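Read from first to last, the chains carry the letters A, B and C; within each, the first residue is number 1.
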Amino acid sequence: MTQFTLMDILRNLVFATQWTVILSLVSFIGGGLLGLLLLFMRIGKTRWLPPVVKLYTEVFQGTPLLMQLFLAFFGLGLFGIDVPPWLAAGIALILWTAAFLVEIWRGCVEAIPKGQWEASASLGMTYVEQMRHIILPQALKVAIPPTVGFSVQVVKGTALTSIIGFTELSKAGTVLTNATFQPFTVYGLVALIYFALCFPLSQVARILERKMNVAHRH
Amino acid sequence: MSLIAIEELRKSYGEVEVLKGINLEVEKGEVIAIIGKSGSGKSTLLRCINGLETINGGSITVDGAKLAEDEAHLRALRLKVGMIFQQFNLFPHKTAGQNVMLAQQVVKKTAKPAAEAMARKMMERVGLAEKFDAFPDQLSGGQQQRVAIARALAMEPMALLCDEITSALDPELVGEVLQVVRGLAAEGMTLLMVTHEMAFARDVCSRVVFMHQGRVHEIGRPEEVFANPQTPELQSFLGVNRAA
Amino acid sequence: MNYQFDFAWLATYWPVFVDGVLMTVRLIVIGGVVGIALGTFCAWARSLGPAWLKPAVVAYVELIRNTPFLIQLFFIFFGLPAAGFRLTEVEAATLAMVINLGAYSAEIIRAGIEATPKGQFEAGASLAMSPIQTFRHVVLIPALQKIWPALASQVVIVMLGSAVVSQIAVEDLTYAANFVQSRTFRAFEAYFISTAIYLGLAILLRFALLRLGHVIFPHKRAAR
């Protein structure tokens, strides 16, 4: 039996961390793009699109991410495809991320005072022009801190993909535990690596938020 | 011996000294009005007497007991001296009656029936017996302030400190609160009031303290102070007030 | 896609889901009550408590908020026995949920405490209440009332997150789905059913918590 030193464990974990990072980036960027599309549907002028998007966000926010991963994994399988875990993981996380981001961003758009709409309308702007020049630039500023804050949830969310067999940091932790019989050390290190990824994001979100609050007060 | 004795009281916020050696003796049953411009230190003086501000020098003695920093001494002091605030500070999650009962039960460990009986008596005294079960946000400002007075009275203090208690009220509600205070004065309650109500100070108070730049600038009976102000600062203060 | 959906197995296996739901509910009720109590203590410690306690609370809150629940669960269930602290599956799951909710609710409740007007603290003090008495009787209830909707959402999030306790063989709703799919090979249908039940539970739990808020907090009546 091979003996694992602490360095061996750490090296293996750090190697697996790259997949956590890649999956987080894919989910966050993919979820962001989908979220943006959904946002326009949600706040747009059509009658039937907003309730559809609302239902979408409520379903994805009201069910466990783990269930969404299972359904993506087995649901894609229904089409007769042999589904690789990374595909199911990516799709589920993108859909899940989009559901949260669209609600965060909708809140930011709705936080823009009514006077901004009225003032821009009184200048003869169309709805699209109002959005493009007046509302979105202001909403974007408000949206940055909570969006950065949510990225922490995405990184933590990727841990669940280990359960459908995607080999990232958490899965590596389980594999290494089974190989070394040192669960305390291995899971302790896994937790610290997640912390090292998430804590800076949390801090940046907090600093941005504080900055914005100060700017608002003056 | 005086009920409240303040000697060489000093208080600073950082570099700024707001109280620069205050001396004041208050006898039992006296009603004292503290007047002066904003920033003269009059509210700070009251807050020091209630231990809401830490003092930097001098001493405050109430009924023979000296104010000290520790928890036990502070609580003993606050049992002797009640305080009414400009913003009422009623507890929003409790009814008027519960506001009056709470500290009796929690601090004095009074049993609930006795606390309630006392609360009803005090609500009666401020003329709000029928509002016993109303929540603060169902009461007008004047009514809220009267509940605050009942709440302080229920602790049976030896003196009441009133910090601009009518300043946050609409003009038409000032009268009902002052009426209650007038009643307390008539019953012999010792009162220290920071106030802008000059007519009230003249009618009800036994002495008037004029504070200026952190010092007691002038002190005397209201008829002397108002009719014959000695210093130019008080003359100008009263002049400004008359004009306003 | 020529797949035939089949839910006929439900006739045989529905009691498995009932047991799973009961376990999930049991976990969130205990985890919710104890977790909020822990969160309240930490919120007090951080905003009003003794100076030496604050860094410990900050470290706890940040550590939990910045690591996945799954890893917290594995650390407690697999890691702690190595350090001589052995727990059953259900105990480990409950403890993990308490610790997780404790950290999140601490931050939420702290926001409520810090939004308390200074005059409330002073009114308590002027009535000779100790700082603890003032916190307990004057500050806490209005603070909780202010942040109750956010706290309710967080409890729902923790309930949904509890799906992973099936990974340490706690027989919750997800475990039920795993069990059924291993017997019937109807994976999609089994997870579909359990997902729908989770959605129903989330809606019900949120509704129940908001109702509870109406009961424990005095209503603001508009009439004067």
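Here is the rule we go by: a contact is a pair of C-beta atoms (placed from the backbone, for glycine too) under 8 Å apart; a residue touches a chain by one contact, two chains touch by 3 or more.
Owing to the predicted nature of the structure, the values given are computational and were not obtained by experimental measurement.
Enquirer: Touching subunit A and subunit C alike: which chains?
Expert: Where subunit A and subunit C might share a partner, there is none at all.
Enquirer: Hey, which chain ends up farthest from subunit C, C-alpha centres compared?
Expert: Ranked by distance of C-alpha centres from subunit C, the top chain is B.
Enquirer: Averaged over CA atoms, how far is the centre of subunit A from the centre of subunit C? Could you give it in whole Å?
Expert: Whole-Å distance between the two chain centres: 21.
Enquirer: How many Å are there between the centre of subunit A and the centre of subunit B, using C-alpha atoms for each centre?
Expert: 56
Enquirer: Averaging over Cα atoms per chain, report the distance between subunit B and subunit C in Å.
Expert: For subunit B versus subunit C, the centre distance works out to 46 Å.
Enquirer: Which residues of subunit C touch subunit B in the complex?
Expert: Those residues of subunit C that touch subunit B are 117, 119-120, 122-123, 125-130, 133, 137-138, 141-142, 145, 217-218, 220-221, 223-224.
Enquirer: Mind pulling up the subunit C residues that touch subunit A in the complex?
Expert: Listed in rising order, the residues are 1, 3, 62-63, 65-72, 74-75, 78-83, 156, 160-164, 167, 174, 177, 181, 187-188, 191-192, 194-195, 198-199, 202-203.
Enquirer: Write out the stretch or stretches of subunit A touching subunit C in their complex.
Expert: Contact set of subunit A toward subunit C: 59, 62-68, 70-71, 74-75, 77-80, 152, 156-157, 159-160, 162-163, 170, 173-174, 177, 182-184, 186-188, 190-191, 194-195, 198-199, 202.
Enquirer: Going by the contact rule set out above, which residues of subunit B touch subunit C in the complex?
Expert: Touch list, subunit B to subunit C: 50-52, 71, 74-76, 78-79, 82-83, 85, 87, 89-95, 102-103, 106-107, 135, 137-140, 148, 151-152, 155.
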